[in-house]
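Structure incoming, see below.
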Amino acid sequence: MTVRVQTEDFDAGAEISRLRSGNARVGAVASFIGVVRDRNDGDAVAGMTLEHYPGMTERSIEAIVEEARSRWEIIDALVVHRVGPLLPTDQIVLVVVTSSHRGEAFAACEFLMDYLKTRAPFWKKERLPEGARWVEARASDDAAAARWERS
Amino acid sequence: MTVRVQTEDFDAGAEISRLRSGNARVGAVASFIGVVRDRNDGDAVAGMTLEHYPGMTERSIEAIVEEARSRWEIIDALVVHRVGPLLPTDQIVLVVVTSSHRGEAFAACEFLMDYLKTRAPFWKKERLPEGARWVEARASDDAAAARWERS
Amino acid sequence: MKVTLLYFARLREVFGCSSEELELPPEVADVAALTEFLRARGAVFQTELAPGRAFRIAVNQEMASSHTPLREHAEVAVFPPVTGG
Amino acid sequence: MKVTLLYFARLREVFGCSSEELELPPEVADVAALTEFLRARGAVFQTELAPGRAFRIAVNQEMASSHTPLREHAEVAVFPPVTGG
(Lines give C-alpha, C1' and ligand atoms only; values in the text may rest on other atoms or scores of the structure.)
Protein backbone atom coordinates (compact mmCIF):
# COMPACT_ATOMS: atom_id res chain seq x y z
CA MET A 1 0.00 0.00 0.00
CA THR A 2 1.65 3.23 -1.13
CA VAL A 3 0.48 6.84 -0.71
CA ARG A 4 2.42 9.74 -2.22
CA VAL A 5 1.69 13.47 -2.37
CA GLN A 6 4.04 15.22 -4.77
CA THR A 7 4.43 18.19 -7.10
CA GLU A 8 6.00 16.09 -9.90
CA ASP A 9 3.96 14.37 -12.60
CA PHE A 10 3.63 10.57 -12.54
CA ASP A 11 3.89 7.85 -15.20
CA ALA A 12 0.58 6.01 -14.83
CA GLY A 13 1.63 3.06 -17.01
CA ALA A 14 4.83 2.50 -15.05
CA GLU A 15 3.00 2.80 -11.72
CA ILE A 16 0.34 0.28 -12.80
CA SER A 17 2.99 -2.19 -14.03
CA ARG A 18 4.99 -1.85 -10.84
CA LEU A 19 1.97 -2.38 -8.55
CA ARG A 20 1.04 -5.74 -10.08
CA SER A 21 4.50 -6.98 -11.06
CA GLY A 22 5.56 -10.35 -9.77
CA ASN A 23 2.23 -11.27 -8.19
CA ALA A 24 0.46 -13.99 -10.16
CA ARG A 25 -2.58 -13.84 -7.84
CA VAL A 26 -3.53 -10.50 -9.44
CA GLY A 27 -6.35 -10.98 -11.94
CA ALA A 28 -7.78 -7.47 -11.95
CA VAL A 29 -6.21 -4.01 -12.01
CA ALA A 30 -8.60 -1.07 -11.73
CA SER A 31 -7.15 2.41 -12.15
CA PHE A 32 -8.35 5.95 -12.20
CA ILE A 33 -6.60 9.10 -13.37
CA GLY A 34 -8.04 12.51 -12.56
CA VAL A 35 -7.12 15.21 -15.07
CA VAL A 36 -7.37 19.03 -15.07
CA ARG A 37 -10.19 20.14 -17.39
CA ASP A 38 -10.24 23.45 -19.23
CA ARG A 39 -13.80 24.16 -18.07
CA ASN A 40 -15.61 23.88 -14.73
CA ASP A 41 -19.21 24.89 -14.02
CA GLY A 42 -19.32 26.64 -17.39
CA ASP A 43 -16.21 28.77 -16.87
CA ALA A 44 -12.98 28.55 -18.85
CA VAL A 45 -10.18 27.40 -16.54
CA ALA A 46 -6.63 28.48 -17.37
CA GLY A 47 -5.11 26.38 -14.60
CA MET A 48 -5.31 25.57 -10.92
CA THR A 49 -3.25 25.28 -7.79
CA LEU A 50 -3.75 22.44 -5.32
CA GLU A 51 -2.91 23.03 -1.68
CA HIS A 52 -2.68 20.31 0.97
CA TYR A 53 -1.97 19.87 4.68
CA PRO A 54 1.41 18.14 4.78
CA GLY A 55 1.27 15.27 7.23
CA MET A 56 -2.48 15.13 7.74
CA THR A 57 -3.17 14.64 4.02
CA GLU A 58 -0.89 11.61 3.77
CA ARG A 59 -2.19 10.16 7.05
CA SER A 60 -5.82 10.57 6.07
CA ILE A 61 -5.25 8.87 2.70
CA GLU A 62 -3.42 6.02 4.40
CA ALA A 63 -6.40 5.59 6.73
CA ILE A 64 -8.75 5.51 3.73
CA VAL A 65 -6.61 2.89 2.01
CA GLU A 66 -6.66 0.79 5.18
CA GLU A 67 -10.43 1.06 5.29
CA ALA A 68 -10.65 -0.06 1.64
CA ARG A 69 -8.44 -3.02 2.53
CA SER A 70 -10.76 -3.99 5.37
CA ARG A 71 -13.84 -3.82 3.15
CA TRP A 72 -12.64 -5.57 -0.01
CA GLU A 73 -10.28 -8.41 -0.85
CA ILE A 74 -7.62 -6.26 -2.42
CA ILE A 75 -4.02 -7.28 -3.00
CA ASP A 76 -2.37 -3.87 -3.24
CA ALA A 77 -3.28 -0.21 -3.74
CA LEU A 78 -1.48 2.94 -4.82
CA VAL A 79 -2.54 6.57 -4.46
CA VAL A 80 -0.47 9.37 -6.00
CA HIS A 81 -1.85 12.91 -5.64
CA ARG A 82 -0.19 16.00 -7.05
CA VAL A 83 -0.15 19.45 -5.42
CA GLY A 84 1.03 22.85 -6.64
CA PRO A 85 0.28 24.61 -9.94
CA LEU A 86 -1.38 22.51 -12.67
CA LEU A 87 -2.58 23.21 -16.22
CA PRO A 88 -5.46 21.75 -18.27
CA THR A 89 -4.71 18.15 -19.39
CA ASP A 90 -2.23 17.74 -16.49
CA GLN A 91 -2.70 14.62 -14.38
CA ILE A 92 -3.89 15.33 -10.80
CA VAL A 93 -4.42 11.98 -9.12
CA LEU A 94 -3.81 8.29 -9.76
CA VAL A 95 -5.51 5.45 -7.87
CA VAL A 96 -4.64 1.85 -8.73
CA VAL A 97 -6.09 -1.22 -6.99
CA THR A 98 -5.12 -4.84 -7.64
CA SER A 99 -7.26 -7.81 -6.68
CA SER A 100 -7.96 -11.37 -7.75
CA HIS A 101 -11.40 -10.34 -9.03
CA ARG A 102 -12.65 -7.32 -10.92
CA GLY A 103 -15.65 -6.46 -8.72
CA GLU A 104 -13.44 -5.88 -5.67
CA ALA A 105 -10.87 -3.87 -7.66
CA PHE A 106 -13.51 -1.58 -9.17
CA ALA A 107 -15.35 -1.02 -5.88
CA ALA A 108 -12.20 -0.22 -3.90
CA CYS A 109 -10.87 2.10 -6.62
CA GLU A 110 -14.11 4.08 -6.82
CA PHE A 111 -14.41 4.17 -3.03
CA LEU A 112 -10.90 5.63 -2.73
CA MET A 113 -11.64 8.30 -5.36
CA ASP A 114 -14.92 9.30 -3.70
CA TYR A 115 -13.16 9.68 -0.36
CA LEU A 116 -10.23 11.59 -1.88
CA LYS A 117 -12.72 14.11 -3.26
CA THR A 118 -14.61 14.59 0.02
CA ARG A 119 -12.36 13.77 2.98
CA ALA A 120 -8.68 14.20 2.15
CA PRO A 121 -7.36 17.69 2.93
CA PHE A 122 -6.83 19.16 -0.54
CA TRP A 123 -8.05 22.55 -1.72
CA LYS A 124 -8.30 23.65 -5.30
CA LYS A 125 -7.90 27.22 -6.53
CA GLU A 126 -8.85 27.78 -10.16
CA ARG A 127 -7.44 30.48 -12.41
CA LEU A 128 -10.24 31.94 -14.55
CA PRO A 129 -10.06 34.78 -17.09
CA GLU A 130 -11.58 37.11 -14.46
CA GLY A 131 -9.21 36.04 -11.69
CA ALA A 132 -8.60 33.17 -9.29
CA ARG A 133 -11.26 31.49 -7.14
CA TRP A 134 -11.24 28.77 -4.52
CA VAL A 135 -13.45 25.87 -5.61
CA GLU A 136 -16.45 25.23 -3.33
CA ALA A 137 -17.27 21.71 -2.13
CA ARG A 138 -19.87 19.98 -4.30
CA ALA A 139 -23.05 18.37 -3.04
CA SER A 140 -22.65 15.67 -5.74
CA ASP A 141 -19.27 14.66 -4.30
CA ASP A 142 -20.74 14.35 -0.81
CA ALA A 143 -23.53 12.22 -2.25
CA ALA A 144 -20.98 9.98 -3.99
CA ALA A 145 -19.06 9.47 -0.74
CA ALA A 146 -22.26 8.91 1.27
CA ARG A 147 -22.96 5.77 -0.80
CA TRP A 148 -20.19 4.07 1.14
CA GLU A 149 -21.42 4.91 4.64
CA ARG A 150 -22.20 1.79 6.60
CA SER A 151 -25.69 2.08 8.00
CA MET B 1 -14.20 4.50 -29.92
CA THR B 2 -11.68 1.77 -30.71
CA VAL B 3 -12.03 -2.01 -30.44
CA ARG B 4 -9.11 -4.33 -31.15
CA VAL B 5 -8.75 -8.11 -30.83
CA GLN B 6 -5.12 -9.14 -31.17
CA THR B 7 -2.55 -11.78 -30.19
CA GLU B 8 0.13 -9.17 -29.34
CA ASP B 9 0.52 -7.65 -25.89
CA PHE B 10 -0.48 -4.02 -25.33
CA ASP B 11 1.14 -1.07 -23.53
CA ALA B 12 -1.60 0.06 -21.13
CA GLY B 13 0.13 3.32 -20.21
CA ALA B 14 0.57 4.34 -23.86
CA GLU B 15 -3.02 3.38 -24.71
CA ILE B 16 -4.38 5.42 -21.78
CA SER B 17 -2.27 8.47 -22.72
CA ARG B 18 -3.32 8.25 -26.35
CA LEU B 19 -7.03 7.98 -25.56
CA ARG B 20 -7.14 11.20 -23.56
CA SER B 21 -4.45 13.18 -25.39
CA GLY B 22 -5.41 16.56 -26.76
CA ASN B 23 -8.88 16.65 -25.21
CA ALA B 24 -9.07 19.14 -22.35
CA ARG B 25 -12.68 18.21 -21.61
CA VAL B 26 -11.45 14.89 -20.15
CA GLY B 27 -11.46 15.06 -16.35
CA ALA B 28 -11.69 11.34 -15.59
CA VAL B 29 -9.96 8.27 -17.02
CA ALA B 30 -11.12 4.91 -15.68
CA SER B 31 -9.20 1.83 -16.80
CA PHE B 32 -9.25 -1.85 -16.17
CA ILE B 33 -6.64 -4.49 -17.00
CA GLY B 34 -7.49 -8.18 -16.76
CA VAL B 35 -4.52 -10.41 -16.04
CA VAL B 36 -3.95 -14.19 -16.20
CA ARG B 37 -3.78 -15.62 -12.68
CA ASP B 38 -1.79 -18.69 -11.73
CA ARG B 39 -4.78 -20.20 -9.92
CA ASN B 40 -8.46 -20.59 -10.72
CA ASP B 41 -11.08 -22.35 -8.60
CA GLY B 42 -8.30 -23.78 -6.46
CA ASP B 43 -6.29 -25.29 -9.31
CA ALA B 44 -2.80 -24.27 -10.41
CA VAL B 45 -2.97 -22.80 -13.91
CA ALA B 46 0.12 -23.08 -16.11
CA GLY B 47 -1.40 -20.97 -18.88
CA MET B 48 -4.44 -20.56 -21.09
CA THR B 49 -5.52 -20.13 -24.66
CA LEU B 50 -8.24 -17.69 -25.66
CA GLU B 51 -10.32 -18.42 -28.72
CA HIS B 52 -12.68 -15.95 -30.41
CA TYR B 53 -15.08 -15.72 -33.33
CA PRO B 54 -13.34 -13.38 -35.79
CA GLY B 55 -15.83 -10.81 -37.01
CA MET B 56 -18.61 -11.46 -34.54
CA THR B 57 -16.37 -10.77 -31.54
CA GLU B 58 -15.33 -7.34 -32.81
CA ARG B 59 -18.89 -6.47 -33.86
CA SER B 60 -20.38 -7.50 -30.53
CA ILE B 61 -17.83 -5.43 -28.59
CA GLU B 62 -18.50 -2.44 -30.83
CA ALA B 63 -22.21 -2.82 -30.09
CA ILE B 64 -21.48 -2.95 -26.34
CA VAL B 65 -19.35 0.20 -26.56
CA GLU B 66 -22.16 1.96 -28.44
CA GLU B 67 -24.57 0.94 -25.72
CA ALA B 68 -22.22 2.32 -23.05
CA ARG B 69 -22.06 5.56 -25.02
CA SER B 70 -25.85 5.81 -25.07
CA ARG B 71 -26.12 5.24 -21.31
CA TRP B 72 -23.33 7.45 -19.97
CA GLU B 73 -21.74 10.76 -20.94
CA ILE B 74 -18.47 9.34 -22.08
CA ILE B 75 -15.95 11.09 -24.30
CA ASP B 76 -14.06 8.09 -25.68
CA ALA B 77 -13.55 4.40 -25.00
CA LEU B 78 -10.99 1.77 -25.91
CA VAL B 79 -11.22 -2.02 -25.69
CA VAL B 80 -8.20 -4.21 -26.47
CA HIS B 81 -8.65 -7.96 -26.00
CA ARG B 82 -5.96 -10.54 -26.58
CA VAL B 83 -6.46 -14.04 -28.00
CA GLY B 84 -4.14 -17.02 -28.39
CA PRO B 85 -1.82 -18.59 -25.82
CA LEU B 86 -1.23 -16.63 -22.59
CA LEU B 87 0.78 -17.24 -19.42
CA PRO B 88 0.19 -16.22 -15.79
CA THR B 89 0.79 -12.45 -15.27
CA ASP B 90 0.13 -11.81 -19.01
CA GLN B 91 -2.34 -9.04 -19.75
CA ILE B 92 -5.64 -10.28 -21.29
CA VAL B 93 -7.87 -7.26 -21.69
CA LEU B 94 -7.73 -3.48 -21.40
CA VAL B 95 -10.77 -1.21 -21.12
CA VAL B 96 -10.29 2.57 -20.88
CA VAL B 97 -13.10 5.12 -20.66
CA THR B 98 -12.70 8.90 -20.64
CA SER B 99 -15.36 11.30 -19.41
CA SER B 100 -15.69 14.74 -17.86
CA HIS B 101 -16.72 13.18 -14.55
CA ARG B 102 -15.53 10.15 -12.63
CA GLY B 103 -18.90 8.52 -11.92
CA GLU B 104 -19.66 8.11 -15.63
CA ALA B 105 -16.16 6.85 -16.43
CA PHE B 106 -16.26 4.21 -13.66
CA ALA B 107 -19.77 3.02 -14.50
CA ALA B 108 -19.10 2.67 -18.23
CA CYS B 109 -15.78 0.91 -17.64
CA GLU B 110 -17.28 -1.64 -15.25
CA PHE B 111 -20.30 -2.14 -17.55
CA LEU B 112 -17.99 -2.89 -20.50
CA MET B 113 -15.99 -5.40 -18.46
CA ASP B 114 -19.11 -7.19 -17.19
CA TYR B 115 -20.40 -7.51 -20.73
CA LEU B 116 -17.05 -8.65 -22.10
CA LYS B 117 -17.10 -11.49 -19.56
CA THR B 118 -20.64 -12.62 -20.36
CA ARG B 119 -21.58 -11.64 -23.91
CA ALA B 120 -18.56 -11.25 -26.15
CA PRO B 121 -17.61 -14.49 -27.96
CA PHE B 122 -14.40 -15.51 -26.21
CA TRP B 123 -13.64 -18.95 -24.82
CA LYS B 124 -10.91 -19.76 -22.38
CA LYS B 125 -9.04 -23.06 -22.19
CA GLU B 126 -6.81 -23.49 -19.16
CA ARG B 127 -3.70 -25.63 -18.97
CA LEU B 128 -3.60 -27.43 -15.60
CA PRO B 129 -1.04 -29.94 -14.33
CA GLU B 130 -3.50 -32.77 -15.14
CA GLY B 131 -4.30 -31.48 -18.63
CA ALA B 132 -6.26 -28.76 -20.43
CA ARG B 133 -9.89 -27.84 -19.68
CA TRP B 134 -12.36 -25.41 -21.17
CA VAL B 135 -13.51 -22.92 -18.54
CA GLU B 136 -17.24 -23.06 -17.74
CA ALA B 137 -19.32 -19.89 -17.62
CA ARG B 138 -19.70 -18.51 -14.09
CA ALA B 139 -22.98 -17.70 -12.43
CA SER B 140 -21.26 -14.74 -10.68
CA ASP B 141 -20.37 -13.19 -14.05
CA ASP B 142 -23.96 -13.51 -15.24
CA ALA B 143 -25.09 -11.86 -12.03
CA ALA B 144 -22.62 -9.00 -12.55
CA ALA B 145 -23.90 -8.40 -16.08
CA ALA B 146 -27.55 -8.68 -14.99
CA ARG B 147 -27.08 -5.59 -12.81
CA TRP B 148 -27.07 -3.55 -16.01
CA GLU B 149 -30.30 -4.94 -17.50
CA ARG B 150 -32.89 -2.24 -17.92
CA SER B 151 -36.11 -3.36 -16.33
CA MET C 1 -30.67 -24.03 -48.88
CA LYS C 2 -26.89 -23.82 -48.39
CA VAL C 3 -25.53 -22.65 -45.05
CA THR C 4 -22.08 -22.52 -43.45
CA LEU C 5 -21.75 -24.03 -39.97
CA LEU C 6 -18.99 -22.84 -37.64
CA TYR C 7 -18.08 -24.51 -34.35
CA PHE C 8 -16.01 -22.94 -31.60
CA ALA C 9 -14.08 -23.88 -28.48
CA ARG C 10 -15.11 -27.11 -26.73
CA LEU C 11 -17.75 -27.93 -29.36
CA ARG C 12 -15.19 -27.48 -32.16
CA GLU C 13 -12.99 -30.03 -30.41
CA VAL C 14 -15.78 -32.49 -29.59
CA PHE C 15 -17.23 -32.34 -33.12
CA GLY C 16 -13.72 -32.51 -34.57
CA CYS C 17 -14.69 -29.77 -37.02
CA SER C 18 -14.38 -25.98 -37.16
CA SER C 19 -16.44 -25.34 -40.29
CA GLU C 20 -18.67 -27.21 -42.74
CA GLU C 21 -20.97 -26.40 -45.66
CA LEU C 22 -24.45 -27.93 -45.35
CA GLU C 23 -27.25 -28.34 -47.88
CA LEU C 24 -30.42 -28.17 -45.75
CA PRO C 25 -33.77 -29.69 -46.75
CA PRO C 26 -36.55 -27.10 -47.20
CA GLU C 27 -38.26 -27.93 -43.89
CA VAL C 28 -35.14 -26.87 -41.94
CA ALA C 29 -35.98 -23.17 -42.00
CA ASP C 30 -35.11 -21.92 -38.52
CA VAL C 31 -32.65 -22.47 -35.68
CA ALA C 32 -34.89 -24.96 -33.84
CA ALA C 33 -35.18 -27.12 -36.95
CA LEU C 34 -31.44 -26.90 -37.63
CA THR C 35 -30.66 -28.01 -34.07
CA GLU C 36 -33.00 -30.98 -34.55
CA PHE C 37 -31.34 -31.75 -37.91
CA LEU C 38 -27.88 -31.76 -36.32
CA ARG C 39 -29.04 -33.91 -33.35
CA ALA C 40 -30.35 -36.47 -35.85
CA ARG C 41 -26.74 -37.15 -36.87
CA GLY C 42 -26.47 -38.94 -33.51
CA ALA C 43 -23.24 -39.48 -31.54
CA VAL C 44 -21.64 -36.29 -30.17
CA PHE C 45 -24.12 -34.07 -32.00
CA GLN C 46 -27.00 -35.77 -30.23
CA THR C 47 -25.26 -35.54 -26.84
CA GLU C 48 -23.94 -32.02 -27.02
CA LEU C 49 -27.02 -30.42 -28.57
CA ALA C 50 -29.53 -32.31 -26.39
CA PRO C 51 -32.28 -30.14 -24.85
CA GLY C 52 -31.03 -28.61 -21.60
CA ARG C 53 -27.37 -28.60 -22.65
CA ALA C 54 -25.71 -25.19 -22.58
CA PHE C 55 -24.90 -24.10 -26.12
CA ARG C 56 -25.47 -20.91 -28.08
CA ILE C 57 -26.25 -20.28 -31.74
CA ALA C 58 -25.49 -17.15 -33.75
CA VAL C 59 -26.87 -16.52 -37.25
CA ASN C 60 -24.87 -14.13 -39.41
CA GLN C 61 -22.89 -13.10 -36.33
CA GLU C 62 -25.91 -12.10 -34.26
CA MET C 63 -27.07 -14.15 -31.27
CA ALA C 64 -30.08 -16.22 -32.34
CA SER C 65 -33.08 -17.78 -30.63
CA SER C 66 -34.81 -21.02 -31.65
CA HIS C 67 -37.21 -18.97 -33.79
CA THR C 68 -34.53 -17.16 -35.79
CA PRO C 69 -35.13 -17.97 -39.49
CA LEU C 70 -32.34 -19.27 -41.74
CA ARG C 71 -31.69 -17.80 -45.19
CA GLU C 72 -29.61 -18.96 -48.14
CA HIS C 73 -25.86 -18.63 -47.41
CA ALA C 74 -26.42 -17.96 -43.72
CA GLU C 75 -23.37 -18.23 -41.45
CA VAL C 76 -24.50 -20.26 -38.44
CA ALA C 77 -22.16 -20.58 -35.45
CA VAL C 78 -22.62 -23.09 -32.63
CA PHE C 79 -20.61 -22.57 -29.46
CA PRO C 80 -20.56 -22.98 -25.67
CA PRO C 81 -21.53 -20.10 -23.33
CA VAL C 82 -18.79 -17.49 -23.56
CA THR C 83 -16.03 -17.21 -20.95
CA GLY C 84 -14.12 -14.10 -21.97
CA GLY C 85 -11.86 -11.51 -20.32
CA MET D 1 -1.86 26.38 27.29
CA LYS D 2 0.21 26.88 24.13
CA VAL D 3 -1.21 25.69 20.79
CA THR D 4 -0.18 26.10 17.16
CA LEU D 5 -2.87 27.32 14.77
CA LEU D 6 -2.63 26.48 11.05
CA TYR D 7 -4.83 27.99 8.36
CA PHE D 8 -5.27 26.60 4.86
CA ALA D 9 -6.58 27.60 1.44
CA ARG D 10 -9.17 30.40 1.34
CA LEU D 11 -9.04 30.92 5.13
CA ARG D 12 -5.23 31.23 5.03
CA GLU D 13 -5.65 33.99 2.44
CA VAL D 14 -8.51 35.79 4.20
CA PHE D 15 -6.76 35.67 7.59
CA GLY D 16 -3.48 36.65 5.92
CA CYS D 17 -1.73 34.02 8.01
CA SER D 18 -0.68 30.40 7.56
CA SER D 19 0.49 29.65 11.10
CA GLU D 20 0.54 31.27 14.53
CA GLU D 21 1.40 30.31 18.10
CA LEU D 22 -1.31 31.10 20.64
CA GLU D 23 -1.29 31.17 24.45
CA LEU D 24 -4.85 30.21 25.40
CA PRO D 25 -6.52 31.15 28.72
CA PRO D 26 -7.45 28.11 30.87
CA GLU D 27 -11.18 28.28 30.04
CA VAL D 28 -10.43 27.68 26.32
CA ALA D 29 -10.22 23.92 26.67
CA ASP D 30 -12.03 22.55 23.63
CA VAL D 31 -12.69 23.30 19.96
CA ALA D 32 -15.97 25.13 20.64
CA ALA D 33 -14.25 27.47 23.10
CA LEU D 34 -11.34 28.03 20.73
CA THR D 35 -13.72 28.95 17.91
CA GLU D 36 -15.43 31.45 20.22
CA PHE D 37 -12.02 32.81 21.26
CA LEU D 38 -11.01 33.36 17.62
CA ARG D 39 -14.38 34.96 16.72
CA ALA D 40 -13.87 37.44 19.55
CA ARG D 41 -10.93 38.89 17.58
CA GLY D 42 -13.63 40.39 15.34
CA ALA D 43 -13.16 41.38 11.67
CA VAL D 44 -12.55 38.42 9.30
CA PHE D 45 -12.31 35.95 12.18
CA GLN D 46 -15.80 36.89 13.31
CA THR D 47 -17.19 36.70 9.76
CA GLU D 48 -15.52 33.51 8.58
CA LEU D 49 -16.00 31.50 11.78
CA ALA D 50 -19.59 32.66 12.39
CA PRO D 51 -22.09 29.88 13.25
CA GLY D 52 -23.42 28.34 10.04
CA ARG D 53 -20.29 29.13 7.98
CA ALA D 54 -18.61 26.10 6.40
CA PHE D 55 -15.24 25.52 8.02
CA ARG D 56 -13.52 22.48 9.47
CA ILE D 57 -11.14 22.04 12.39
CA ALA D 58 -8.56 19.31 12.89
CA VAL D 59 -6.69 18.73 16.14
CA ASN D 60 -3.34 16.97 15.87
CA GLN D 61 -4.19 16.07 12.26
CA GLU D 62 -7.46 14.33 13.11
CA MET D 63 -10.83 15.84 12.16
CA ALA D 64 -12.34 17.36 15.30
CA SER D 65 -15.84 18.17 16.56
CA SER D 66 -16.80 21.09 18.78
CA HIS D 67 -16.32 18.83 21.82
CA THR D 68 -12.77 17.77 20.99
CA PRO D 69 -10.55 18.78 23.93
CA LEU D 70 -7.34 20.78 23.44
CA ARG D 71 -4.08 19.76 25.08
CA GLU D 72 -0.76 21.56 25.57
CA HIS D 73 1.13 21.91 22.25
CA ALA D 74 -1.86 20.82 20.17
CA GLU D 75 -1.67 21.47 16.42
CA VAL D 76 -5.03 22.97 15.48
CA ALA D 77 -5.83 23.46 11.80
CA VAL D 78 -8.73 25.56 10.51
CA PHE D 79 -9.72 25.15 6.86
CA PRO D 80 -12.62 25.20 4.36
CA PRO D 81 -14.40 22.00 3.30
CA VAL D 82 -11.98 19.99 1.17
CA THR D 83 -12.11 20.03 -2.65
CA GLY D 84 -9.52 17.46 -3.66
CA GLY D 85 -8.80 15.26 -6.65
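Order of writing sets the chain letters: A, B, C and D. Residues in each chain are counted from 1.
Everything below uses one rule, namely that a residue touches a chain if its C-beta (ideal position, glycine included) is under 8 Å from a C-beta of that chain, and two chains touch if they have at least 3 such contacts.
The structure presented is a predicted model; accordingly, all values stated were derived computationally and were not measured.
Novice: Using each chain's Cα centroid, which is most distant from the centroid of chain B?
Specialist: The chain farthest from chain B, judged by C-alpha centres, is D.
Novice: So how far apart, in whole Å, are chain A and chain B when each is placed at the average of its C-alpha atoms?
Specialist: Computed value for the inter-centroid distance: 23 Å.
Novice: Between chain A and chain D, what's the gap in Å when you average each chain's C-alpha atoms?
Specialist: Roughly 27 Å, centre to centre.
Novice: So the centre of each chain is just the mean of its C-alpha atoms; given that, what is the distance between chain C and chain D in Å?
Specialist: 73
Novice: Using the touch definition from the top, which residues of chain D touch two or more other chains?
Specialist: none
Novice: Out of chain A, which residues touch more than one other chain, so two or more?
Specialist: If we look for residues of chain A contacting two or more partner chains, we find 34, 113, 117.
Novice: Run through the chains and report each pair that touches.
Specialist: A-B, A-D, B-C
Novice: Name, in rising order, each residue of chain B that touches chain A in their complex.
Specialist: 11-14, 16-17, 20-39, 88-89, 100, 102-103, 105-106, 109-110, 113, 117, 144
Novice: Could you list, by residue number, the parts of chain B that touch chain C in their complex?
Specialist: 34, 50-51, 53, 55-56, 59-60, 81, 92-93, 113, 116-125, 134-138
Novice: Which residues of chain C touch chain B in the complex?
Specialist: Chain C residues touching chain B: 6, 8-10, 12, 54, 58, 61-62, 77, 79-85.
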